[in-house]
Structure formats: structure tokens, C-alpha cells
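First subunit A sits with subunit B, and in the next complex the same chain sits with subunit C.
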Partner chain A sequence: MTQQQTAGPPSAGHADLAEEFLDRQTPLSRIRNLLHRYPALSPAIVLLIAVVVFGILNERFLRVENLSLITQQVAVVGTLAIAQTLIILTAGIDLSVGAVMILSSMVIAQLAVSNGVPGPLALVAGLAVGLAAGALNGFLVTRFRLPPFIVTLGTLNIFVALTLLYSGGSTVRGSAMPGVLTWLGSTFPIGPVRISTGVVMMLLLYVVVAFILGKTAWGRHVYAVGDDKEAARLAGIPVSRVLMSVYLAAGAVLAVGAWIQIGRTNAASPNAGVDLNLDSITAVVIGGTSLFGGRGSIWGSLLGALIVGVFRNGLSLAGLDVLYQTLAVGVLIIVAVSIDQWIRKVKS
Partner chain B sequence: MTMTEFAASHTPTREPILKARNLVKTFGRVVGLDGVSLDLYPGEVLAVIGDNGAGKSTLIKCLTGAEIPDTGELFVSGQQVHFKRPQDARVHGIETVYQNLAVSPALDVASNLFLGREERLPGLLGSVFRMLDTKGMRRKAKEELTRLGISTLQDVTVPVENLSGGQRQAVAVARAAAFGSKVVVLDEPTAALGVRESNQVLQLVRDLRDRGLPVILISHNMPHVFDVADRIHIQRLGKCAATITPQSHSMTDAVAIMTGAAKA
Partner chain C sequence: MLSSKAPRPAATRLLAAGAVLTLGALSLTACGGSSSSSSSSGGSTAKIGVSLIVKTTSNPYFVAMEDGAKKAAQGGNIDLKLAAGKSDGDEDTQIQAIENAISSGDKGILITPNGPAVVDAIKKARDAGLYVIALDTPPDPASAVDITFATDNFAAGKQIGQWTAAQLDGKKATIALVDLFSDKVVSVDYNRDQGFLTGLGIDTADKTKNGDEAKTGKYTGGKGGDYEIVGNQASQGAEDGGRTAMETLLSKNPNINVVYTINEPAAAGAYEALKAAGKDKGVLVVSIDGGCTGVNNVKSGIIGATAQQYPVKMAQLGVQAIQDLATSGKKPTVSAGLDFFNTGSALVTDKAVAGLQSIDTTAASQICWGK
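After this line comes the complex of A and B, so read on.
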């Protein structure tokens, strides 16, 4: 019995006395059930502890400018993590998110700068690139039944190559672009804090995706497909269609990520974001979403991205070498997945 | 008196809800079904038994749209139907509880009951924003569970993976029996359960029948079959070896027919 049931209506109490007796709760199992029910809880605790510890280690850490900087640093990874979460929730994985984002950003920048396409139209073209990339991934996963890992490993290389072929390897600087392309790099003041529009855009995406995942049938189907594909199919969910739509949605999110990336770096570079593919997976995993699918929350991924940002920033403020940041992130990943495994043992 | 009742409830002049005629299904050179017919009447539990490879599963899959028979006819309430997908069978009110349970462990009881047929909020919230009517579905889930007499599931917000095997089975059965279905097909519902939980599920089967919902029960467990079944369809080597009742034959007879040691 879960905590909820024992605390539930008295009528539930006498129903299965014997079972309740067998399932005696220890404090540890209570914690596990709680983490199980709220997957974003453990990353939230980690983030809180990290912020407190780094705040004690270095008083500069908790300054508003520094915290604002951290959010700007995680805006791109945080956005890619949205796309990654959607795919990981279906028990997939997308190694190509960073490559798709860069390809999309190059198309946006090149069209606007070299071909004189108006800014908004270039953004629409970038969206089309994201959707096309998602469609390719989704098509290969649903039609040829290839494992997402293999599909996206392949398309990762394809998209990287396409990006270099298309751009000729050259960077497009932000100063040459129409204002709308770099708009997400601008900031506006709220009181003493300067807020980046890119961060606001990322948060907006989180709100929208959280709503869709939590409040619509489609969102529930995404979880169901990741949880148990066969069960979902037997329950009458069009599994292939759901998977396809997930890859398309991820592609659309990545196109917005491309826009944020252009604003953030004030450029479109074909060589940027090599690490972003794995960084997005890191954020999702640390955020408590299970790589086995069907379990997790989109907010956890935001927390995961923030945790990585906070660790990198905090450790460098503490005067530690960059290598220790990478080391710390590595440890975090392994701890996060271990916790996930432990949580999944609830009543298996 | 009892004889007339018996005759009344089993007279062939009544229209079967589900009627299969001469179903044939081959897999390459293997004959899964070799001309099987079956009738399911309102308010009865029809057990389907047979040895491994006798065609039980194939028969059930053909009845529920999971397989398409090569030849043969299928009627629901007298109307001929052609199922191409499980969805088609569902549309005609034939709901199946599969052996592997087809529930989504991480989703809660109410979400599982409504999985694949979620209801949206009325008005703009539902039509434009596609918002689910979570509260409404929970309320209806509770009502359905009460109506079906399932008392072991009080809290519909518990994730299914936190439930015992019997409770999970109850969720799966409730989903099949709820929402105006005409026929419930249960594939080995007690195979993975303990004694007490098996009894709960068998009681559930009786309750469904008493509410007028016919049940097809596939099982290996002879005591369970003889406990709840009104009639027993025995599959052997892709054919229907006999259709018996617990009154007309003993368990030993049934096993003998099943294994070919005796003729029906």
C-alpha cells in the first residue's frame, strides 16, 4: 500500500488488512514512494543543496548577476532538454538534438544573411528544418523499427555533415543578421535584475510542454507508450503516430532552441554545440526522468539543466579547475541513474 | 423447475451475442484453427480450454481482432463483422483483458481505465486547449468500479504499479467491462495470481455475468474453469473437440477430451 492509501478514506483501511501487514512501511520506503510519485523532487533537493553549499563557499555565487548568468548559460541546453525529455519519455533517446539545432540555426542565419530572406521567414525555414529532421528520425524509428539510439547516432553524423556542407564551415556573425534573429539574446530589466528574453522563451516552452504533457490525452499517451508500448497498443493508442508526433514536436522545440542559440552566442557557428547532444541527456537524466521511459517530469529536466549550470558555475567560482566540473557532472549522472533504479524497485 | 430454467437459458433459439462460424487460420504450413465455431449467449461464462498449441490463443485473437482469420464468419448480435484490428472489435463492444495485462504501470487507476479514450473538459478548455477532464474521469472511474462491484480499488489516483497482482487484474477487468461493452474476454486472468487474489478475480467474473455481461474465459486451471463457467469449449488440435457443461462432465472427462484420451 502506498502512503496515500493508508492515509486515505477509512473504508480503504479494512479492505486488505493482510496485504497492508505484508507491506509494512519503513522510513526509507516512504521516501522512495514519495520520490516515485514526484520525480522532480530529488533534483529539486539536489539543486537546493547545491545552491546553499556554493553560496556558503563563495558569497559571489548568490549575487543576482551571477544567478542570472547561470540561467542564461543553461537557456540552450535547457531548451534541448525539453526535446530530449519528450523522446526519453517514450523510452527513446536522441543523440542528434544538438546537431539538429545547429543545422537549423545555420539555415536561419544563412538564409537571412546570404540569401536576403526576411528574418521571420528565415525563422520559419529554421522551424521547417527542425520538423524535417524530427520527421526523419521519427520515420526511421516508427517505420523501420530501428532503435532510436542507432537512428539518431546515424542522423547525428548526417546532420553534422549537412551543416558543414551547407555553411561551408564558416560562422555567421550576429551583427550581420536582421534584429529578429538575435532578439532572444537581448535582455530587459526587472528591478535590479536583467532578464534575458532567451531565458523567458525557454521558460515559456517549459510551461507549454508541461501543460501538454500533464493535461492532454496526447501527453498521457506519450507516458503510456514509454511505459509499456505493447500495453499502450492494446489499449488502443496509435503508438506509431504518437512516436512520430513526439519526434516532430522535438524538432519544433529544437528550432526554437536554434533561435535562442543565435541570440545567446550572437552568431551562428557550425562548430558550436558539439557537447550539447550529451549535455541535454545529462540534464534529463539528472532531472529524474527514467531512461527506460514512461516516468519523469519536464520540470525535472529544467532542474537538471540548472543543476549542471550551478555545479559548473559554483565550482569555477570556488576556484576549481574545469576538469573537476566535468568530473562532478559525471558523478551526478551516475548518482541520478542509481536513484532512478532504486525508485523503480517500488513494488515491482 | 430447474430443468425448465436450464432449458430456457440454454435454448439455441436465443440469439448469441457473439457467433463464430468455421474459422480457419493458418500460419504458413501450421494450421492454428481448423474450422472452429463458437456461440456466446447473453449472461453466460464460456470457458475455452485446451492444451498448448490447441488453438486457444488463435481462436481468441480471431474473435478480438488481433488476428484476421483466413476464412470463416463472425457475427456480433447477429450482424456480420470483419475485424482487422483490436480497435474494430472494441468498437463492437468486445473488450479483451490480455494475459500480459495491458495496463500502464506508471499511470494511475483512473488514467488506465480511460487510456485511449480520454475525455476532455467541456467548452473552450477542452476543444481549443485539449485539456483533460481529470476530475470527471476520476469520478466516473469510481462510479464504474462501484457499479462493477470492485471493492478492492478505493483510490483511483494510485499508480497501478503500486497495486497487488489481483488489484491490477481488477483494473484490467474493470477497463474491459466498463463503458458499455457487450463481451469481455479474459485471457488466463488467474495465471499469475495467488489463491486469494484468484478468488477475487473469479468473483469478479461471476459479478460480471450476474450483471448480464457475457464472459469468455481462457484458462489452464480446471478448478477455476469448473468453478465459474456455464459452458466449456474444449479446443483440441485446432478444432473444437466438444462443448460441455460442468454439470454434464467431470474435470477428469474434460482433461480426457482435451488430451484426446476420450471422445466427447
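After this line comes the complex of A and C, so read on.
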């Protein structure tokens, strides 16, 4: 049955070696093992292919200005995807990420513009809003043992309503804000490329969170809790405390996202971020993180966000209708989850 | 490579390798790109790039606009790209579409702005040399774009107000005003409402404020007579909102005989409320829009008269303007006495009145929204 398989050219020479390991070690299952071990591998391949294809379709796609633009376009959703990854790793899901970010951004902007609060203090208040929102979600999940989906569906509506009540539906212009609030919208040159400080901030967050997840006991606990809550508890991990800290950390990341959002649009708008909750889940899922928890990589989520950004920008430059972009993203999600399901079969 | 454990450091290393590979391929294709793409993308380089960015494609009004742009682009040397917000008010997606238009080297952008946050991106586009035309909705501030192509909503409101005055024939008017919003102020809302009252011959006090006029008095339109305004209610421009608004107003005063509505879906909702209250006969319902559905409602007598606007024309003229600009350098100019280009409106009714120009529903349904 091995010779029937046509995939995986590199493994052809190791056929006998493979038979020593497992009777079912076909080239296909070897790829599966590889993907299982490195969850960020498949999104990296997809991104590579997408970039090459769109580069061939339109010469403008690969211009440095355009590539820099794509990173700016994914800065907000990429940041939200960090928070979303943390929560999905614990086998949860957060539908309120966009709403928390917008609430935080409105508080930051309103305090600074209407109440004359100094910029840095307004940012601290925004951080407090993010943490409070995270604490509320975490409290409901850990104390009342409600499913995160339901908790955040509820808080999504609460935060959206609070945002509109607080802002009165009106947008705060960036020109009225202190410079520090819109600082993450500024750009600086590196050679011929202009890099946005908001993008740098997002990448910094990724580095920090990747380090914490990979190198600290807390990071290990997050994976353990997501993989098997009961086993984690028996191993002496304080499950509730870990979950609570994850929601708090997510809230803090969302507050930084609010700062990036203000810089990006040079305004704080209560209408922004309608679908950011779903967009961030999309990025995480395409990035290879399992919705069942315990498996995935934070870098995958960055790749996932970039893939969506590359598809939207590339299809747009290729002159395709916006509805086809949405269609393509839908196909990507289903393919990504199918791959995840297939990879999970590796565990017996 | 087949080492059993050690997951994370290896993963990062692999990822780094992947990233390097991506960058390598990137630069490779970047070099090869210039030579190969000219053949693969055909003659698109010589075409004039135009991006049409509407509020949302879930509204037939904007779909009609897209169709108009497509038709206008067919004949000329135009490379038309379509984009839209995910919902009304979605500024983020519009901002991305504006950036993509700049990036793809477009000559101009046609946009129905979803909110004030897009203004910054529009400025970037204009700084990059793109000509930006707002369609239907002027941005805030209106000077953010090069020019706006829109309906003169005040004039459209005036048309249906004058028609109402003529129909009343000196009878007392008990007026219900079904507006768009109550929680925010938008120009289309007060321009139509105040235009209607002006056409009817009622002093509107502040022309940019709904509901500040005297509640009772005399109207001077037509033969003139007494009037009473029952109230202003918001409909969100939709059937369900229109119905609720009308129900509220009817419970305030069941003798309403004049109903102004912000658009035809709101009018259809208001009519349902009138019907449920047994008041659907003898009430003058007027509206603004002129979509095929709305015109049909005029034909069947649900709406007495509507002012038809021309979104299809807005898009066609927009595409044309950018083509002219690219080929001959000619810029469009605003209509006399206005700060925008008026794409016009026509009174649609099957009960024409003397001295007031109008078209009947048969003619209007052939050109609904200007198609």
C-alpha cells in the first residue's frame, strides 16, 4: 500500500527506514507528523504560495510599499489575534475581543479630548478598561463555569452597548488628540520602506507573548490546561488561576490593540471593528491553532492574519470584487480546520 | 529531523527557516516580476484605474450604483475595482479599500463614505495624486474630497412638499414626520425633512434641525390652510422602524392625513401601521428614493408621490469624470448655488398636479434609480 501513494517526494528514499518505525508510516502520514509537530508550518507554506501567486498576478503586489501596507492593514487584527490565541489555547473562545478594543479606544480618546486627561494617563485608563473587561470574562468563566462562548457572547453585547452609551455614537478625530495617542499611526523609514510604529508594536507583542508561552512555566500551564483540564488539575496546576490570568493578559493585549487602532485610523470610532472578533478567530484558525485547545503556536496566528491580509490585498489588486475576497477567506477557514482535524488523527 | 520530542525551540527554528525562505522567494519574484508581469497582466498598465467603494453591498441602492459604474467602465479604457464595507458604518474596510486603490496605482476613487474615520485615508489618497469623488453622501467635512456627486435632498424634499400642498387643496394638514435617526444628526435626514416642510410652505426655523418648527400654524403651499405637526419619529430607514414610528405617531393623534417618510422602505412600514389602524385610505404618504420597489408602491397607491434620485447616474458620471480628467485634464465642477454636483431628482406620481413637473410610475419604473 506504500507504493500506491504518490505524495511527498523527499521521503521516497527513506521508505525502508520508515517501515522500521511504524507499519502505517506512509509519506502522507509523515507529512502529517511533521505538521502535527510544527503547527505554524502549514500557514507558512500557504502564505509563501499566496505571496508568489499574487506577485505573478500583479506586479504591484510585491512592491515594498504594498507589502508594508499589508502589514499596516493587519496590525489591529494581528494584535487581537494574540489575545484570541491565548484564549483558544485554553480551549476557550472570545467573541468580545473587538468590542473590548473599541470600548478601550473610546475611553482613551474621550478622556483625552473631552476631559483633558493627559495622553499617557488616558492610555493607562484604556489599559484598565481592557483589564477590567478581561477580569469580567475570566470571572464568569472560572467562577460560574459558564462556557466561554456564552460568556463572551453576553459581554460582547454589553461592551458594544457601553461603547455607544459612553460615546453617544460620535467619532473622536485624531487631530484633536494628544500626539501620544496617534503615535502608533506614524511611520519611519528603513531604507526605501516606510514602517509603521503600530506594526512594530504588534511584532513586539508577538515576541513577548511567544517568549512567555514558550519559556515560562505559565506558558506551559496554559498549554496543559487547554490540552486536558482534568489532567492539568491532577498535575497540580491551579487551573482557575491560570484561566483567569489568561483572560487578564488578553484584556491587556486588547488595550494595546486599541492604541494601535486609534493610530491606524487617526480617529476613535464607535463603529469600527464590527467583525474583528470573527476576523481574529479566523487568523488564529488559519494559523493552525486548534479550537480544541492545547495545540498551536502564537506565530501561526501572525501568519494567519498575514494570509488574510495578503488575500484581501492581492485579490483587490487583481481587480476581484470584494465579495470574492470574503468567499476566499471562507474557503481558507474550512481548509484550515480540515487540516487541523486531519492532523489531530496522528494522536492515537 | 525525526527527533521525538523537543517541540518549541525546533519549531521556532523551523519557522525562522520558513520566514527566510519566504523572504528569499519574495525577492526572487520581485526581481523577476517586472519582466514577467508585463506579459501576464496584459495591457492593463495603460488603463485608467478607478475604485468604487460603496457603503455596503447588502443594500440594493449601492448595488445599483455598482451596476452603473460597471456599465460606464465597459465602453472606455477603464479598469474598475469594486469594494464595500461589510455593513453600513464599517469604516475599517473602506480605509483598506482606499489604501489598496493607492497601492494599485488608481487614477481616482469614487466613495460613499461610511463615517468620519475614512477622511484621513481620503487625504492620503489625494496626497498621492488620486482624484476623489464622493457619491451620494458628502464626507464630513465636505471639503475632504475633490467633489461630491449627490442628490439635492432639500430640493427633492421640496418637490414632494409642493405636491402634498396641492393635493391638500386647502384642507387642514395633520402631519407625521417619519425621519431617519433620532440619536444622530446626518445631512440627508434634515435636508429631506426640512425640504418637505419648506415645499409645503411651513417655516422651518433652523434648516439644519428637525422638529424645531412651530407645532401648529398655517401652511402657505397650494391653496394654503391650517397645519398641525404630530411629531418626529426615527425609522432607521427600514420597514420595521417605519412601522413602529408610525404606530407611535398614530397613538399620539389618530387624525393624521399627511405622512412624510425618509425613504420608501420606511414608507412601506408606515403604510402597514396605517392599514392595521384602518387608516390606509385618504392619507397622503410621501417619500424619497425612487427604487423599483418604491416606484411599484407608488403605482399601487401605497405611496402618493416619491422623489426619484439617481445613484446609477452618480456612479456613471463619476467614472466619466475620472476618465475625462485622465485623458483631457478636465475637472468636474459643482452645480450653481450648491457646494456639490446635483445629479437631480424627479417627482414620481400618478396624480400629477398642475404647475408641478412630474413623471408617472410607468416612466419612472423604466429608469428606477437612473438605470
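Everything that follows uses one rule, which is that the second predicted complex is superposed on the first by the 323 of 348 C-alpha atoms of A that agree within 3 Å, B and C clash if a C-alpha of one lies under 4 Å from a C-alpha of the other, contacts with A are read in each partner's own complex, and residues count from 1 in each chain.
The rule we apply is simple: a residue touches a chain if its C-beta (ideal position, glycine included) is under 8 Å from a C-beta of that chain, and two chains touch if they have at least 3 such contacts.
What you are looking at is a predicted structure, and each value in this text was computed from that prediction instead of being measured.
When the two complexes are overlaid on their common chain A, residue A:157 makes contact with neither subunit B nor subunit C.
By the touch criterion stated above, A:321 is placed in contact with subunit C alone, subunit B being left untouched. Of the two partner chains, subunit B is the only one that A:224 touches; subunit C does not reach it.
Of the two partner chains placed by the overlay, only subunit B lies in contact with A:295; subunit C stays clear of it. Contact with both subunit B and subunit C is seen for A:37 once the two complexes are overlaid on the shared chain.
Touching more residues of subunit A than its counterpart among subunit B and subunit C is C. By the touch criterion defined above, A:216 reaches subunit B but does not reach subunit C.
With both structures placed on the common chain, the touch criterion links A:186 to neither subunit B nor subunit C.
Once the two complexes are overlaid on the shared chain, A:341 sits clear of subunit B and of subunit C alike. Residues 37 of subunit A lie at the contact with subunit B in one complex and at the contact with subunit C in the other. Residue ranges of subunit A in contact with subunit C, taken from their complex: 21, 37-41, 44-45, 47-48, 51-52, 55-60, 62-63, 65-67, 69, 72-73, 76, 168-171, 173-174, 210, 214, 264-267, 269, 271-275, 297, 299, 312-313, 316-317, 319, 321-323.
Residue ranges of subunit A in contact with subunit B, taken from their complex: 1-2, 4-5, 8-9, 11-12, 15-16, 18-19, 33, 36-37, 211, 215-218, 220-221, 223-224, 227-228, 230-232, 234-237, 294-295, 346-348. Every residue of subunit B that touches subunit A in the complex is listed here, in rising order: 86-87, 90, 96, 98, 100-107, 111-112, 115-118, 120, 129-132, 134, 151-152, 154-155, 157-159, 161-164, 175, 196. Within the complex, the subunit C residues that touch subunit A are 2, 7-12, 14-15, 18-19, 21-22, 25-26, 29-30, 33-34, 36-38, 40-41, 57, 79-84, 86-87, 89-93, 95-97, 99-100, 103-105, 114-117, 119-121, 183-184.
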